[in-house]
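The structure's right below; bear with me while I get my questions together.
Every chain is named by a letter (A, B, C, D and E) in the order it is written, and numbering of its residues begins at 1.
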Amino acid sequence: MIEQEYAYYSGCSLEGTASSYDRSIRLILKALGVTLREPDDWSCCGSTPAHAMDHLLAGALAARNLAIVERMETATLTTPCPACLSAFKKAHARATEDRAFKDEVNQLLDIPYEGGVKAKSTLQVIYEDVGLEAVASKVTTVLPDLKAACYYGCILSRPPRLAAFDDPENPISMDRLLAACGVEVCDFAFKTECCGAAFGVPKKEMVLRLTHKVLTMVEDCGANCVVVACPLCQQNLDLRQAQVNRAMGSSFSIPILYFSEVLGLAFGYTPEELGLDKHIVSTDALIRSRRSKEAEETVSTVKEKVKKSAAQGTAGKSGNAPGPEDTASATKEA
Amino acid sequence: METIHLTSDTLNNFASEVSEATGQDMVRCYQCGNCTAGCPYTEFFDYPVSQIMRMIQTGQREKALSSKAIWLCATCETCSTRCPCEIDVADVMDGLRNIAYREKRFTEKDIRTFYEAFLTSLRNHGRIFELEIIARYNLKSGHLLTDADLGPKVMKQLHFLPKRIKGRENVARIVKRFMEKR
Amino acid sequence: MRVGVFICHCGNNIAGTVDVARAAEETAKLPHVVYSTHYMYTCSEPGQDEIKQAIKRENLDRVVVAACSPRMHELTFRRTVEKAGLNRYFFEMANIREHVSWIGEDKDLNTNKAIEAVRMAVEKVVRDKPLYSSSFKVNKRVLVIGAGVAGMQSALDCAEGGLDVVLVEKSPAIGGMMARLDKTFPTIDCSICILGPKMVDVAQHEKISLHAYSEIEEIKGYVGNYQVKVRKKTPYVDWAKCTGCGECMEKCPTKNAYDRFNFGVAPTRAINIPFPQAIPKKATIDAKFCRQIQKGKCGVCAKVCPAKAINFELQDQFVTEEVGAIIVASGYGLIDQELLPEYGGGRYPDVITGIQYERLLNASGPTSGHILRPSDKTEPKSIVFVSCAGSRDKSIGIPYCSNFCCMYIAKQAILTKDHIPDSQSFVFYMDIRAPGKGYDEFTRRAQEDYGVKYIRGRVSRIYPKGKKMIVQGADTLLGAKVEVEADLVVLATAATAAPGAAALAEKLHISYDTHGFYVESHPKLRPVETNTAGVYLAGAAQGPKDIPSSVGQGSAAAAKVLALFSRDMLESDPAIARVNQNACVGCLKCAKTCPFQAIKDEVLRGGKVVANVIETVCAGCGVCTSTCPCGAIQLQHFTDNQLLAEVNSLCLS
Amino acid sequence: MNLEKLKEIVRTVLPSVDVVIGYKKGLDALHPVPCFLTSPDEIDALVLNPACMHNLAAYLPSLKNRAAVVVKGCDSRTVVQLAQEGLIKRENVVVIGVPCQGAVSVRKVLSAIDHQPVIEASFENDTVVIKTKKGEARLALRDVAPDKCLACRYPTPVVADHLAGEEVEPKIDEKTAYQEIREFDARSLEERRAYWMAEFDRCIRCYACRNACPLCVCRESCIAETRDPHWMSQKATQNEKMMFHMIHAIHLAGRCTECGECERACPMGIPVARLKKKINMEMKELFGYEPGISMDDKPPMYTFKVEEEKIEEHKIR
Amino acid sequence: MSVVEGKELRIVGFLCNWCSYGGADTAGVSRFKQPTDLRIIRVPCSGRVDPLFVVKALISGADGVLVSGCHPRDCHYSDGNFYARRRLEMLKRFLPFVGIDARRFHYTWVSASEGQRWQQTVTDFTSLIHELGPAPLLPQNKTLPKEARA
């Protein structure tokens, strides 16, 4: 069933590089009739650096926000960022399983955390609480050129004990959501392979190799874009794509979209509204031939059409292969 | 290669120390190597995860805590997800890192520097500010040009002024109290 | 009353942590006890003689032995006292080994505990009544559940021993798992070639009546006299008429039915005969896929059948078999690939299970023995075998070893080399478990003569890359991550209890462990018995087993039945419920609660209604005794007074 | 309660039965006693008033032949329960139900008139009028009603072949019925223990409670007195007193119809009915079962479900 | 001689012969160490355990009573433990009403193969009883109250 209101923790990245993720999320949830209330004066969840340094510190930094949400009387906290999510889930689990830890954490806090906040990724909210039908019913636009590889990243559904969402090895929530929007989805084997984003700055050589591995697999599975649910993955694959090409001598030009952006497009929002212009690898070619679907046309027939265009195979593909100017622009900037 | 002398102390003390810190039971590990096999970082590690686990089982404290591996682990949870013995291996690596941190053993200087930059930004603003982190990191690490090649469009993305939150003192207090505790 | 107490040292097992001398000394002071002693091995012959002599010498009328668990030696000592002329129920045992010396460390506390255990036993024994078992006739027919190699062995041995055998098999054809195998380790002889003749014997033996495609519906009765209701599932084909010509299979338009016999390596027809050597060689319709049954239009098979055997109206039928003993050989199952998402969870056609690979290797299999990978029917050159695919994996609740995988992987790797000389096989393993005769040599041959590459490490992930499957594993000996580009991956999926094992156990009243495997009466000394008299185990139903051990157990179970049936009459256990008609108020609550309907009402002269126990039917659970408000019905040997005496000896003193 | 209607009914049923069990006047109007009438000319001796406390259904199990019995709401549950357990045959019993506004507790009346000898007692619709040497006392029925009536949920008989009077609506619901038990449960363990120790201590083991109980069918075989089985000695120790009451309570688990006879019979005024009521509360909670309500129920202690919705495995801590 | 003063408390166990008694044997054979307080009374089936035995033990001075049978559905006599479950649950809920701490009575299911589970059960239950301490005794041999003698 759909919960009308959620506490919405966008997380730091969505105020920075991932602003279009934030924008598109807010737009589509509004369209789907879900209210998001931003916790007052939230702070950084601590992310990888904190728990790498000390579990207690990590716990406290996350718990500060949980404590704020706890006092909002909204049952569930949702965040689009898997890193924040796992920080919250870890803190919550530790605090509820280990009394001593909870006390220690609360000693560091100004307002104590009692342990009453349930956290869900925004993807989970849309997939489970809102549901596929509701999403499909909002679709007004067809995106015939997209051949998406859904990339979930490493911690959205793992470890299963903690994430308690989707399949840890072969998650399908995004695949299904996109399909519901009539988008063709490819069978992508590296859905949960780690891209190394956490080390984007200090261990570039490492990250570029992992990222290259992922992008290679994307091409192998016949996709022409990657759809993600994690700001760090997006940052890594999009911002650093040029770096990858330089370092590994490849020439990828694969647009990296947030699932919320794809939903936004399908719901009929313009690329500008969604902030697609912020992407480094241009998405223009992908969405050039999108057209509004006629009123009487049902989602299922859209799917069929998409299948057909897929059946035509290469024709469709070459049709939306990145034009030279795109690649140029990408490299010029680099 | 040195001969390792196995005594009940060497065999038990470190293992129980790690169990203490993580709540994970080291004895359960039967060295199947699944973690090593799945880990995206094995190729960058000095010791594969399964061997780190073995070091804990056999009390090789020094070796384990001074390894690069514990710093290069990104907690991607692949190992924890697939461990047939239900050990949260990623948590164990985290635990080792925590101990190393407390004992100021920083085998991977750059990563440490990045973490500190991150935490400083966090302490100053209550939230983090990507550009500042990079700047700080470059200064501290001496790799002045890191990500300078990202180009203007990216830099624009990396966003103007830090958002300072009202409760930033209150976040700073958390960090302060923590520092006092440890 | 004159009670004798005999305290056993059991070598050091008891004497090590119990002061047996003091125990003897203290227990000698107990009321009724006229003689108390301790002995090195009371169960030994001289030990038992000591008891017999003491009974005579001290003219004892009750005996207590403090030693191991009564589950171990109660019977032994009952015989002993009987030989000395006492009623065998004038005996009690105090368990001071399993429940005292082996679990407690403090010698004083143990000794005190042992003494109290004896005191309880004395309190009980002085209230023992003489009991005499009545004998009843045995129905010398045996039911064998499951016609795999273990079940067939049991059936044949029993039949050869002159018993009438009822053999019930769940699937349409007998042979079980072994009938699906291509070759057998470590001799590489052809599975069906050695099993086939047995199957024919089973089919033709005049003493064996076979119910194929049938399941156990209900079991009533007790050792010597079981009534078993068998459900003969409808094949929608009149097997009396069916000649097994296979015409129907040829013509059936449904070509995508799931092939249970071949574990779905290739599809089959909605109506089919599982395999060429099938016994019985009769056609069966899979209702799930049959167009006639599902959509009501088709009926091609009915048209083409020369024997006019097809009958879509045919319903399940029930037959009741009367038998005296039951051998359970219901076999094992295999986990579904879905449990292994990191290996594709069944999504990748070129990642298959070991048993599926057997069918690919098998000349009568869907590829007629040519190894062709499912995806594109090409010959794989690089094949990876993954052992422990689900076995020894706590995370999916299977902590145990599946016993035979190591060996059949070695076999399959060897056969692969025979089929495709220019192929390379890899085996990922954690340990090579080859304890059988000639087994280890066999795994060595695989490596030395057939160049199979063994890699010590678990596989973490399998994913497709182009036409290849990438196998991501570790070589822990190397301390490195390794990857193999494979054309075909074979998973040695974990063995589980057979589907429905628990339900069957509940019908049989036998125990099963947390994984659904049946529990034997004693892990070492009674490996094929169960705790339910007249029910025996054979084969992998008790735990994963290879062919030799299954056959061995099949014969063992048969021997047990033959021994049981060597007598015409069986002694009933006299420790059953008995009614005191004066006290009984005839409310018959006992009859309402008796799990065995062993209690009926009886009208006495003068019209008083009382409960009446049917001796042979009563199993001695005692539910009636704890139900009866006025204690009028008492379970002999466990009467209220006896249990109260035990409670009092513990609490009131 | 309508005496005339009752007599009328008795007249019609008497020919079809061997005996009719009803009430007649005892030593005074406060003490009606059971009567067994077999001929029409005895009918006028019948009385019916709030002082008719006896649960006449208690006589049924010992009767061989066909009988008619006068029952109040509470007593009618006994009939059902006895039939449920096969202790009587329903078809052998003609049930004459009397809807009941609540009875009077002699004990309460006497203490209200501080134990003056009663000269005359009469009943007006909701008051008792007592004449003594000291004069006349008018007591509201409500004030002198026995506890069981205050918690009564079945004022109208649950079975009746004939009904002598208008149906009466229950005044309380299930929750309030068990209120006193819940309140008692709320006390500390020590308090509860002290309470019962004091109560049991007063027990003189006269077995009046047991003998009065319509569902205690063991009679001379009662294990409180037998030697085989020998559950308890005849010593009047605290142990044995408590043991006896536990036996009575547990043997009535899921059977007690809360007629209150045990408590009424107790010369020491021990609230023994409470023990059974507590168990009844749990039976309702666990199995949704109430004794003596429906003929085709099965008493919960003599049956089971493979999956018990309400029973969870207990943790040691 | 009874409880070793100060060291042990009196704990009575009723174990069904087929599952829990076997489980206790298995624990013994595997040398799973346990506290020594428990005294085991062997019964054919948990269905044989009349709740009144538990009451009798508790009234007579037991500090704890443990009843263990086969897991539901796995009863050697098919239904015995189903009856036990209902009756013992009734008892467990009734005991506190008369002031007996329900924690002093525990009933559970342990199969013959579950030696470890048995060790755990005995260890936990014994330590709980030691926490609760000796059961409060009943005033013994009270003389009859006056009014009775009158």
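As a convention for this text, a residue touches a chain if its C-beta (ideal position, glycine included) is under 8 Å from a C-beta of that chain, and two chains touch if they have at least 3 such contacts.
Given the structure is predicted, the values throughout are model-derived calculations rather than measurements.
Counted as hops between touching chains, the shortest connection from chain C to chain D is 1. Among the remaining chains, those touching chain B and also chain E are C. Annotation of chain B and chain C: jointly contacted by A, touch as defined at the top.
Most remote chain with respect to chain A, judged by CA-atom centres, is D. Comparing the CA-atom centres of all chains against that of chain B, the greatest distance is found for D. With each centre defined as the average position of its C-alpha atoms, the distance from chain C to chain E rounds to 32 Å. Centroids of chain D and chain E (each the mean of its C-alpha atoms) stand 34 Å apart.
Once the centre of each chain is set as its mean CA position, chain A and chain C turn out to be 51 Å apart. If each chain is reduced to the centroid of its CA atoms, chain B and chain D end up 74 Å from each other. In chain A, the residues touching two or more other chains are 168-169. With touch defined as above, residues shared between interfaces to two or more other chains in chain D number as follows: 231, 301.
Chain B has residues 78, 81 in contact with two or more other chains.
Checking each pair of chains for touch leaves A-B, A-C, B-C, C-D, C-E, D-E. For chain D in complex with chain C, the residues that touch the partner chain are 64, 85-87, 217-219, 221-223, 226, 228-231, 251, 301-303. Listing the residues of chain C that touch chain D in their complex gives 580, 582-585, 587-589, 592-593, 607, 627, 629-632, 634, 639-641, 644. On the side of chain B, the complex with chain C involves touching residues 28, 30-39, 42-43, 47-48, 50-51, 78, 81-86. Those residues of chain E that touch chain D in the shared complex are 51-52, 55-56, 59-60, 72-73, 79, 82-83, 85-87, 89-94, 96-101, 106-109, 121, 124-125, 128, 136, 138-142, 144-145, 147-148. Those residues of chain D that touch chain E in the complex are listed here as 181, 184-185, 189-197, 201-202, 204, 231, 235-239, 242-243, 246-247, 249-250, 253-254, 268, 275, 278-279, 282-283, 286-287, 300-301, 304-306, 308, 311, 313-314, 316-317.
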